Amino acid sequence: MPLKTREEYIESLRKLKLNLWMFGERVESPVDHPIIFPSMNAVAMTYELARQPEYLDLMTAISHLTGKRISRFTHIFQSREDLLQKVRRQRVIGQKTACCYQRCVGMDALNALYMTTYEIDEKYGTEYHERLKKFLIYVQENDLVSDGAMTDPKGDRSRRPHEQADPDLYMHVVERRADGIVVRGAKAHQTGFVNSHEVIVMPTISMTEKDRDYALSFAVPTDTPGIVIIYGRQSCDTRKLEGSEIDVGNSMFGGQESLVVFDNVFVPNERIFMNGETDFVGMLVERFAGHHRPSYACKAGVGDVLIGAAALAAKYIGVDKSSHVRDKLIEMTHLNETMYACAVACSSEGVPTKSGAYLIDLLISNVCKQNVTRFPYEIARIAEDIAGGLVVTAPSEKDFRSPNVGHYVEKYLKGIPSVKTEARLRVLRLIEHLTLGSGAVGYRTESMHGAGSPQGQRIMIGRLGDFDFKMELAKVIAKIKD
Amino acid sequence: MPLKTREEYIESLRKLKLNLWMFGERVESPVDHPIIFPSMNAVAMTYELARQPEYLDLMTAISHLTGKRISRFTHIFQSREDLLQKVRRQRVIGQKTACCYQRCVGMDALNALYMTTYEIDEKYGTEYHERLKKFLIYVQENDLVSDGAMTDPKGDRSRRPHEQADPDLYMHVVERRADGIVVRGAKAHQTGFVNSHEVIVMPTISMTEKDRDYALSFAVPTDTPGIVIIYGRQSCDTRKLEGSEIDVGNSMFGGQESLVVFDNVFVPNERIFMNGETDFVGMLVERFAGHHRPSYACKAGVGDVLIGAAALAAKYIGVDKSSHVRDKLIEMTHLNETMYACAVACSSEGVPTKSGAYLIDLLISNVCKQNVTRFPYEIARIAEDIAGGLVVTAPSEKDFRSPNVGHYVEKYLKGIPSVKTEARLRVLRLIEHLTLGSGAVGYRTESMHGAGSPQGQRIMIGRLGDFDFKMELAKVIAKIKD
Amino acid sequence: MPLKTREEYIESLRKLKLNLWMFGERVESPVDHPIIFPSMNAVAMTYELARQPEYLDLMTAISHLTGKRISRFTHIFQSREDLLQKVRRQRVIGQKTACCYQRCVGMDALNALYMTTYEIDEKYGTEYHERLKKFLIYVQENDLVSDGAMTDPKGDRSRRPHEQADPDLYMHVVERRADGIVVRGAKAHQTGFVNSHEVIVMPTISMTEKDRDYALSFAVPTDTPGIVIIYGRQSCDTRKLEGSEIDVGNSMFGGQESLVVFDNVFVPNERIFMNGETDFVGMLVERFAGHHRPSYACKAGVGDVLIGAAALAAKYIGVDKSSHVRDKLIEMTHLNETMYACAVACSSEGVPTKSGAYLIDLLISNVCKQNVTRFPYEIARIAEDIAGGLVVTAPSEKDFRSPNVGHYVEKYLKGIPSVKTEARLRVLRLIEHLTLGSGAVGYRTESMHGAGSPQGQRIMIGRLGDFDFKMELAKVIAKIKD
Amino acid sequence: MPLKTREEYIESLRKLKLNLWMFGERVESPVDHPIIFPSMNAVAMTYELARQPEYLDLMTAISHLTGKRISRFTHIFQSREDLLQKVRRQRVIGQKTACCYQRCVGMDALNALYMTTYEIDEKYGTEYHERLKKFLIYVQENDLVSDGAMTDPKGDRSRRPHEQADPDLYMHVVERRADGIVVRGAKAHQTGFVNSHEVIVMPTISMTEKDRDYALSFAVPTDTPGIVIIYGRQSCDTRKLEGSEIDVGNSMFGGQESLVVFDNVFVPNERIFMNGETDFVGMLVERFAGHHRPSYACKAGVGDVLIGAAALAAKYIGVDKSSHVRDKLIEMTHLNETMYACAVACSSEGVPTKSGAYLIDLLISNVCKQNVTRFPYEIARIAEDIAGGLVVTAPSEKDFRSPNVGHYVEKYLKGIPSVKTEARLRVLRLIEHLTLGSGAVGYRTESMHGAGSPQGQRIMIGRLGDFDFKMELAKVIAKIKD
């Protein structure tokens, strides 16, 4: 069984020679860096759960290529049930980490490429699909984490890739060799790169003939020469350096983001999955986004934690039975389940593609994500409402532990007599973390822009909404004849 | 094959001797009454589609009791796929009728009773389940429409059934005989009664020991002596009497409501499915509501028609490419699909009960309906926005046809040159019908209160939301030890 | 004192020879027509209140032209307090009629013309302002109702006036004579025309040089030869013909709409207030809309009635103390007061124009109306929620009065014992009227489109929002130097 | 003229001997502490503007007690215009600081006490009003900042003050002496305390006879012995210690919060303004809250900055003309102006109290604040939408300045060619600051809980909404006779 243990995963990361920079300094050992550790630990949870018998079905599947039991994060969806297991799994791990565990993007990339390379080959007689299958088997056999890298920096949004003042603002081929290609560009907003073994690069928007050098997909190891990673700042990032378990809110898990530069990176032929087929770029982008949007079912898991935290905060001050508090918890739940339901629905209505792999219902997938760009914000707002002002005014753990003023904090921030002040502080810090701190980056902003910004979904909903069909329905009812 | 044709259905209705009153007069032939006809015709559509080959799978199933092909409206859900087919079917017929076609409530009642009588019998050794199966086979074999009757008038909402000043404000047993019981009471908001062959009565709220005489479920023919039907008024109801095809908006289909009085009605023993088992009332109500709430997937079908009508109205005046109009159509679609997705999801996550019949996921079912109490209102609001003021200021068809002023209407209400004024009037009347007229009763108010008012769903969401579990999740993340 | 009594007003209407059509028939005596009466009666209320001492300040003012006490509906705003009195008055009459009383549009037209003609004359040396003052004195002295007519039919919205296939789709000059002009076209959505003595015509959109013949403003009596009025249908309009006081919901007051055709109407020179000055059309339209948008403060008055009706409906079934019902009434109130507050604020921040007349704050005025396009819909939705399903399922008054079934209605629709069933029916019919019936046309759709559709306000908010200034604010804070 | 310069203000703060703790350490010189400086600097802006001629009317007024020109922050409202000038001023300073400048709370406290002490004295013959006037003159003459301290820690919210397990969880008298009283307790969420000369203490909720020792109002200098200040943590607080101007987003201004403990503090008689008059506590709380709620007009000023920042962010990547971006900026503006309009309206409808001082309209004031608990969240959400993902993924200033990787940041985060990458980084950091960082504490969470949490406003709206009056309106329209 090619399933790594948590420890094996961490060891495998240590072997990577990432060229990673943070605050102007090179980071030598990412897995041990206190700012990075929680995000690595969240990925590690996917390994840990996969080896627990109770999660066997949820976390693992039988490879349709090798017949071996593999992580579902490396699996190609063979059925609607596979699609449904994905969204259920996303939620469960979200509940256990309350953050982005980064591993779905590579899974969604593999699936989108699997079905698209099949159709490219069918049209052009290329061999991308076979290459991808080989890469896939390698990933499955070694239980690797792949980062899916789509978003180019894009520069001036009113111009196409080949029209940019700087041609590198979209990733492109700068040299073609017999054994491969050399590429240049960057990928922004890379959430899981630092904790990944491989990066799968895809183009970010539909392209025309003139963008041929930009119609590009490939995979390379994350420590390939020429790759430079610059770590992104997050709200409250340096709080993790202070050594306070309470103040960080979620001390074990967290997210991260980085800007990844490809400065003349060589890609060998066997790792190239698209190279100039501009007419398939739209399909690849749409399918990747289609798969990735319901992956945000994880936010329903994070939402479960935040609802629980709000309920605790209310209980700790004796208002949990108050009708308006209860109604707010119900509203949070309602919104959270609505998001989740959309993720379930687009999986339940999935369909097989030519390759045999299943694709979610694209319309509902986009509807799902559009709700994700709204509801976590409202859930967070209600959580802040229930939490009360202390969520942003409570003193530091250092003050709480201080021999000089700690007793004041203990005395005056006490809620109901049966609960310790520390418990109240902890739950408030968790709410702060998820609504304003580094957790909010994952829960709010990533919900907004991850897997495509809101307008991206609206364009798709407009395209898939089939207004012509609906106009015909109305004409029949109103007895309108043209 | 026991599937009635449309004509056979109408004939079978004619044989009923309903005691029906409208505007203070007895209605002799309901199926021919212009106010009632559209609602009957909507039910007839369920018969018509069931005999079309392309809808075979959607409209019919194999009875698990008889092995014969039957209408899915008389089928007991045997799988998740059966549950999914229900919501897909609901939408399709909604698209074709743009109204309530009334037949789901009986189906949901049969399913709720099927699984609940099984468990009553298991506990009490009663024989309700066998009785129900016999009744079910009768319904299947004769392809009957059953009205599901739940809502009692309820009088003073702050009092329980047995506490009401008038004991009849909840349906109850007034006499017990060897061969059956005599019941008295009324059921309000009966949408499909007038077009049904049978009525299945259920209690409306959870009950205590003292409400024993009210814990009651049974089925009788709709023309049983003692049953008096008083037709409800609807917005624009009498417009159907004017003979204007244009002004009614939807001239072929429509909804209706009635108050049904049971004035000492005799129920034979074999038609009694619950009689005093107060501890199962809650379960029956919850399961019926649980099944019935996602039945509102039909509103997504009506929504499709309304979206189409709004798109047409925009097209007819040349603004369909305008970015704000397009964005509004997208928002309507987004909300409509969100409702639908929730109905799909609660079906996709359905589970078998002890009886073998499948029950939807109760939490998502309630979430689904809660969205239905909100989104049609917003979709209708946007439709009115796009339609423009003419939707409520356009002259009557009589003025349009008038030799004196018709040419002014023709001239001044013309939109883009290529579209006839009449087409524009027709689509505006359809929008008026669905947002203000009798169609709005079905699309808006019924979406609000049908299958339970919003607060009913909130209570269920609160109960099923499992805040204790979520508080534990938060405690683990925040490392709170009690 | 030139203030007409209610009776004098009605008599003055009788003298008009309106060319009015409804359902294809000529209407001989509009004030006595049961469909028209309620709307006339609502205007009559403005006369009635003006003569009651307690409303002296609210309803009347001293004319700045004649020094006499006049109706505020014919007054030119001389101060912020005048602007504030307008919105307070609008709400009070809304509370007393629960409908559109039509008289504000003429007032807003007079004010917009007063300040704009002053500036046209200043630039072009024309004498429009003097003409308008004469007309104004005539209106004040005779206490007349003026209809403000702005909205042209507009045909293909993607084309300018002079580009339309039919040149009459915008009102224009078809002949110029020494003593005046002849005009042709139509004005749609005329709410108060039938109850008005005069009509003040204005152009409906900004114009360019090529639209010179369309840059037109004038006033003529409503029964001027060539004017043809075609009455618009409204939801439940014919219910007023049935003679049921209960079923109509609001038996005394109501709104109406009509399409008014100007088929070669002669306008004498002294009644022309703009004639070809295309560069002032935008200003006139903006100022009229600016004044008219906060006139929708009347909807806060209607909202007060609807909130009261919902509270009554809840009280009548014993749920008025229920926390969720109370919270819904609070939300309705919150939204209602927010609308009203915006109307107050744009008045409070009003500024004098060159003419001396005061203009509201244009940005807040548009914000006010934008909220009016949203909140009545949500208030109505909540009212339907509180009212319960009976609002659309209750039997007719004829059934309630029927010797055959009336006792059933009496018995089964009874709420708490101390309240008569009839009271409950009455309040539910009022809610139906305001959410679905003819009252909903005024409360919902007119709130949407009256004084300009939502997108119109958004364009103005975008123009007046001054993003350049705000970008500078952000640059200073972020220390960005260009 | 008793108006301090900015420098004089800072010097006056230096003279205070505050007992202030942060991260477990005593803070010796608060005005120089990099975490505290921005908040002090925001207060200093109120001094700076007061001395600029263009802001003379907005910032200063003539004292009704001394006839001298004073800061409006120490002024008692003498007219509606005074109330209006307050909300206008709040917005302007909000535009210039993009944060809470803390000085309104003391002003609102002085005003609430002024009118309430007058009425206490009238009833009880006490001399609180004279004492307050003396204190007021002292504050005016010395142009002092007063912190208004209302919120007690409250412990178990289901218990009244005297029922708490720890009696100190609400501030109370622990000793009564001839020359004054000794008090114990704490005040939470003190935003301006550290930058204030005086603190004005008020009770936090309505009280009964048994809470007599808690019915307490007084003023003392902020460095009175026994007062201990514990600084609250805020999102991204320590980023201010890093020395990066870019990364903090708003390097000059900011907010703060602290927990202030009163550990046996002596209050001399002349500084006591309420002492046991439990029947006036509700009035004082309501009036303070009433005045303070529209003070949140400042958030409209912060909103202006955020709208500007979002517009800049869009412009910097070339999408500012895109219809969906423009529509989002319009929506932000609409919401922002709605909040502001409510603040204007409650001022415009203000009324004089017995003391002569003006009180805002209490209903609209609560409606205003209720909107403030919603709209900044939605405005922030839209800002994050427009800003794009980079708002949470951009590298640190240190990376941007790094000789190793800075050129990559420069190259790849460039937007349109004409704008420097640094400008883009600066505006994104400002958006991050206001939506997630320490600015979000002020813009979002303080908008939620400052001046009372949402449910507090709803209770007031329910109380002031006068449902009885509204039910009567509905009865008249529906012709319901009891």
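When the chains are written out, they are named A, B, C and D in that same order, and each has its own residue count from 1.
The criterion applied here is as follows: a residue touches a chain if its C-beta (ideal position, glycine included) is under 8 Å from a C-beta of that chain, and two chains touch if they have at least 3 such contacts.
This is a predicted model, so every value here is computed, not measured.
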item	value
Chain of greatest Cα-centre distance to chain A	C
Classification of the chain A:chain D interface as same or different, half of numbers criterion	same
B-D against B-C, pair bridged by the larger set of C-beta contacts	B-C
Averaged-CA centre spacing for the pair chain D and chain C, given as whole angstrom	40
Distance from the mean Cα position of chain C to that of chain B, given in whole angstrom	38
Euclidean distance of C-alpha centroids - chain B vs chain D, Å	51
For chain C, residues contacting two or more additional chains	324, 327, 458
Chain B-touching residues of chain D, taken from the complex the two chains share	323-324, 327
Footprint of chain D on chain C - complex, ascending	84, 95-98, 245, 249-253, 304-309, 311-312, 315, 326-327, 329-330, 333-334, 337-338, 340-342, 344-349, 363-364, 367-368, 370-371, 423, 426-427, 429-430, 458, 461-462, 465, 467, 469-480, 482
Residues of chain C defined as touching chain B within the complex	21-26, 151, 153-159, 165-166, 168-169, 186, 188-189, 228, 230-236, 238-239, 242, 247, 257-259, 261, 263, 317-319, 322, 324, 373-374, 377-378, 381, 384-385, 388-396, 398-399, 401-402, 404-405, 408-409, 411-417, 432, 436-437, 440-441, 444-446, 448-450, 453-455, 458
